[in-house]
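Read through the structures below before going on.
In what follows, chain A forms one complex with chain B and a second complex with chain C.
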Partner chain A sequence: MTPSRLLGVGAFLLGVFVLVPLLIVLTGRWDFYYTLTSVALLSVGAAGVWLTFYIGRINIGQGAYALVGGYVSAILVTQAGFSFWATLPMAGLFSAAVSVAIGLPILRLRGVYFAMVTLVLTEVARLTALALPVTNGAKGITSIPLPGELSIFGLTVIPDFASLGNPKLAFYLMAAVLMVLTYLVLWRIVNSRLGHLCRSLQQNEELSASIGVNTAMLRVLAYAISSFFGGLAGAMFVAISQSIYPSSFVVTDSVNFMLYCFLGGLGYVFGPMLGTLLLYFGWDLLSVAREYQLLIYSGAMIALMLVLPNGVLSLLEKKGGGK
Partner chain B sequence: MEQILANGLYLGAQYALIALGLTLIFSLMNVLNFAHGQMYVFGGFVTYTLVAQLGLPFIVGLIASAVVLAVMGALIEKFLFRPVIRRSKRDESTMLLAAGIAFFLDAVILLLFGEKQRGVPKIVGGVFNWDMRLIMPYDRILIGFLAISLIVGFILFMQYSRTGRAMRALAQDRVAAQLMGVDVDRYSMIGFALGAMLAGLVGGLLVTITGINLGMGGPTSVKAFMMIMIGGAGVISGAIAGGFILGMMESIGLTLLAAYGDVTYLVIFASLMVFLAIRPQGLMGKPWG
Partner chain C sequence: MSEPILQIRGVTKRYGGLTANKDISFDVRPGEILSVIGPNGAGKSTLFKQIAGFVTPTSGEVLFKGSRISGIAPHKVARLGVVRTFQETTIFRSMTVRENVIVSHHLRSKASLWGFFLGSAQARSDEADFARSADDIIDFLGLQAIRNELASNLPQGHLRALGMAIGLATHPQVILLDEPFAGMNHDETMRMVGLVRRLRDERGVTVLLVEHDMPAVMKISDRIVCINFGEKIAEGSPAEIQANPRVIEAYLGSEDAAIGM
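Up next, the complex of A and B:
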């Protein structure tokens, strides 16, 4: 790792964990905590979508896995009495398991076909949640307790959220930690052997199969990791809102996950994070425009697409000059 | 049973017309038009404004919907899709643009027409009743026939006109068509305009029966995606087949599965997944699109 990169990572961590809370205290905009927590969690989901983009598939079904993860966590906490912290990895693993079952047939599809199937998948998840008895139908699951204490060998790692004076800050820090960990994992994956293999899938699947890459296994693996992130994000959202309904994650959310990736730039690991921040935070700031909010937001999106069709981070490339 | 089939046919004709526009745009430019449902809603509102508010005859409203949407489609292609397609590294970048346009149209519809459910008065009264076995209001029959004749007209146009031939060539192989002297830019624009026009026409037709509201755009797009998946993306016959199949499934499902609650769409989705696992390219699509 070069010193400049180390410096960048340090600055980023400093910004997320120190500067942001400091700025919020100074400006008194406590509502930003909720927005930024959402940004952090959505970018965890978007990281998953980005990974499926990385193997050359357009994934518009992340909402489905977020919903699955959310429900798994909510049901385990309310009905089986699990601690939230135990349900968090379970939610991710369950989403991943579901995605393997679904992914085996549908990952044979490519291009728009795959995109359209995953889009339909979000609808399937919503309708399933409505129809199953365990999810409590349209009424959803409400008044889920806040995450409890997490301790290892009697040492409190995370205090009980219900006893905290400022749960907003705690949620923000928790989401930010999750986001940092997710992108660390993603960065590690991309710069590993697995990442190189994924890149070969993106470029030419037949060619990479012909030189002995197990493409079928690889794409299911990437999809499962992607859905794992989706499940994590969903479970965290449920813990924060303390409720989940079949309409908690709908087609629009799935499309948004994809847009975050596009906007940030598909060629960059940190693209989805930046895209989420710009789109979600921008949307929130635009609420002052009232009825013109959507008009300005979508207009800006179109304009950005016209100016930078390869994502915001492609600006870096131009500065670097013909690499 | 007759009733179910008639309902299915009626729904299928509408659906096929929506899917036709989407598949046309997809086959010509490889663009998945997320804004298709919004274009449909926009067309419905144009007809509503002219017919219900200005008191013009229905046919004028319908033509106006077609013209407005065709112009909109042409402009969107020329000034938005064309530059982005030319400059972006991956084809999929157009999806962000399409989604942005969908949001934009939603915003425009909200500002221009409001969020209320709108409808126009019945264009023909009365109900067709065959021995209580088949009951269908006359206006639905009329709209069904209009939709079917539009589909037939569209097929004839694509099959026999010079423009239609050019567009079919473009859909088959863009580079080869260009080498044969087809003006690719011009026909892409015409194709996009035609696709948008079809969406507007369906909107204008359906506003007389189901009415129209802002929230209908997204679900309509999802349904249209399903239809072209059933039939195969980018294939005109496939879109028509997909539309009629979905219409039939919906009509049969709503009757047979009513006892089990609202599960029709869940069953349709599940069977679609199984179907696509066996035949990924749809009924008539080319393998790997």
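Up next, the complex of A and C:
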């Protein structure tokens, strides 16, 4: 790792964990915690979508896995009495398992056909949540307790959220840690041989198979990792809002996950993170334009795709900077 | 005579009413350069796809060293040592030449997926080996000057060579070259002919190729199999093929001058 990169990572961590809370205390804008927590969690989901883009598949179904993850966590906490912290990895794993079952047949499809099927997935997940008895239909699952204490060998690692004076800050930190870990994993995948193989898949699946890559397995693996991130994000959202409904994640959310990736840049690991931040805040800022909000927003998106087809981060490259 | 390395046994492929290959049989001996020729649409590429596992024969089978390889997945066929390069200039376009060759060493990696992810000692030593071997292959094919070029920027001739480099990186025992001389001028073709020879002579790879360029085929092949309308019509040395009346008939009217070179 080069010193400049190390410095960049340090600055980023300092910004997320020290500067942001400090600025919020100084300005008294506590509402920003909720916004930034959402950004962090959405970017975790977007990281997954980005990985499916990396193997050459357009994924517009991340909302489905977020919903699955959310319900898994909610049901386990309210009905089986699990600790939230135990349900978090379980939500991710369950989403990944579901994605393997769905991915095996549909990952054979390419291009727009795969995209179309994934677009339907979110709606399927919503209807399933409405129909199943365990998910409590349209009434959803409400008054889910806040995450409890997490202790290892009697040592409290994370205190009980209900006992905290400022759960908003705690949620923000938790989401930020999750985001940092997610992007660490993603960065590691992309810069290892695994990432090179994913790239070979993205560029030419037939050639990839003929050099001996088990393309079907790699596709499913990437999709499962992607959905794992989706499940994590979903479970965290549920913990924050303390409720989940079939409409907690809808098709629009799935589309947004994809847009975050496009905006940030499909060629850059940290693209989806930046894309989420820009798009989420951009939408909020545009609310001053009232009825023209959507018009300006979509116009800006189209313009960005035309001017910067490789995402906002490609600006760095033009100036001669690295990844 | 040594045992055949590859045996094509009665391979037939039907697409609905269309018979692309009809009961084709021939053997490939280790260390030979065998060309499959035939007019456009004769079923040469279909035959190649069946050997490499991309298409399953309707009936018949392909044996590699005595065991069946037809009908199993391409990556498994590649693992056994039969590797196909492509008719189109199929490469990983947005990687550099060196990255293309390095990534193609996949078959030889010993580290597990977890090893890749965690960057285990095995994974790192794999990577170092691959980089060294990739540089060897790049030198072998004379691609040193364009080592760090993006593949999408390369001209035709270099793309073919790169396709071959990708094939070589898998350490094949049999390499299937699909029209390696297509779209090349005379000088490029002659250079490529030399390369394919060296592939066999220096690396001991058995070469099976499909090609339209008759002068090149006549020059390079030990033996030739001629296919027309999906059926094998002749097999033999270049001289025998040139004199074969059925081959001449197959090419007559379209390219009668080409066969006599």
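Criterion: the second predicted complex is superposed on the first by the 320 of 323 C-alpha atoms of A that agree within 3 Å, B and C clash if a C-alpha of one lies under 4 Å from a C-alpha of the other, contacts with A are read in each partner's own complex, and residues count from 1 in each chain.
Convention: a residue touches a chain if its C-beta (ideal position, glycine included) is under 8 Å from a C-beta of that chain, and two chains touch if they have at least 3 such contacts.
Please read all numbers here as calculations on a predicted model, not as lab measurements.
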### Message
Let me test your reading of the model: by the given contact rule, A:Ala209 touches which partner, first (chain B), second (chain C), both or neither?
### Response
second
Across chain A, the partner (chain B or chain C) reaching more residues is B
Practice item. Mind working out whether A:Val190 is in touch with chain B, chain C, both or neither, as first, second, both or neither? Key: neither
For A:Leu127, decide between first (touching chain B), second (touching chain C), both and neither. first
Chain B versus chain C as contact partner of A:Phe262, first or second or both or neither: first
Message: With both complexes overlaid on chain A, does A:Leu109 touch chain B (first), chain C (second), both or neither?
response: first
> Is A:Ser200 touching the first partner chain B, the second partner chain C, both, or neither of them?
Replying inline: second
* Between chain B (first) and chain C (second), which does A:Leu221 come into contact with in this model arrangement: first, second, both, or neither? -> second
Footprint intersection on chain A (chain B / chain C) at none
Per the touch rule above, chain B residues touching chain A in the complex are 26, 30, 32, 34, 80, 83-84, 87-90, 92-93, 95-97, 99-101, 103-104, 106-108, 110-111, 218, 222, 225-226, 228-229, 233, 261-263, 265-266, 269-270, 272-273, 276-277, 280-282, 288-289
The residues of chain A that touch chain B in their complex are 53, 58, 102, 105-106, 108-113, 115-117, 119-120, 123-124, 127-128, 130-131, 251-252, 255, 258-259, 262-263, 266-267, 291-292, 294-295, 297-299, 301-302, 305-306, 309-310
The answer for chain A against chain C in the complex is residues 188-189, 192-194, 196-197, 199-200, 203-204, 206-207, 209-216, 221
Listed in rising order, the residues of chain C that touch chain A in the complex are 52, 54, 73-75, 78-79, 83-86, 90-95, 99, 102-104, 106-107, 109, 111, 113, 116-117, 119, 123, 126-127, 166-167, 169-170
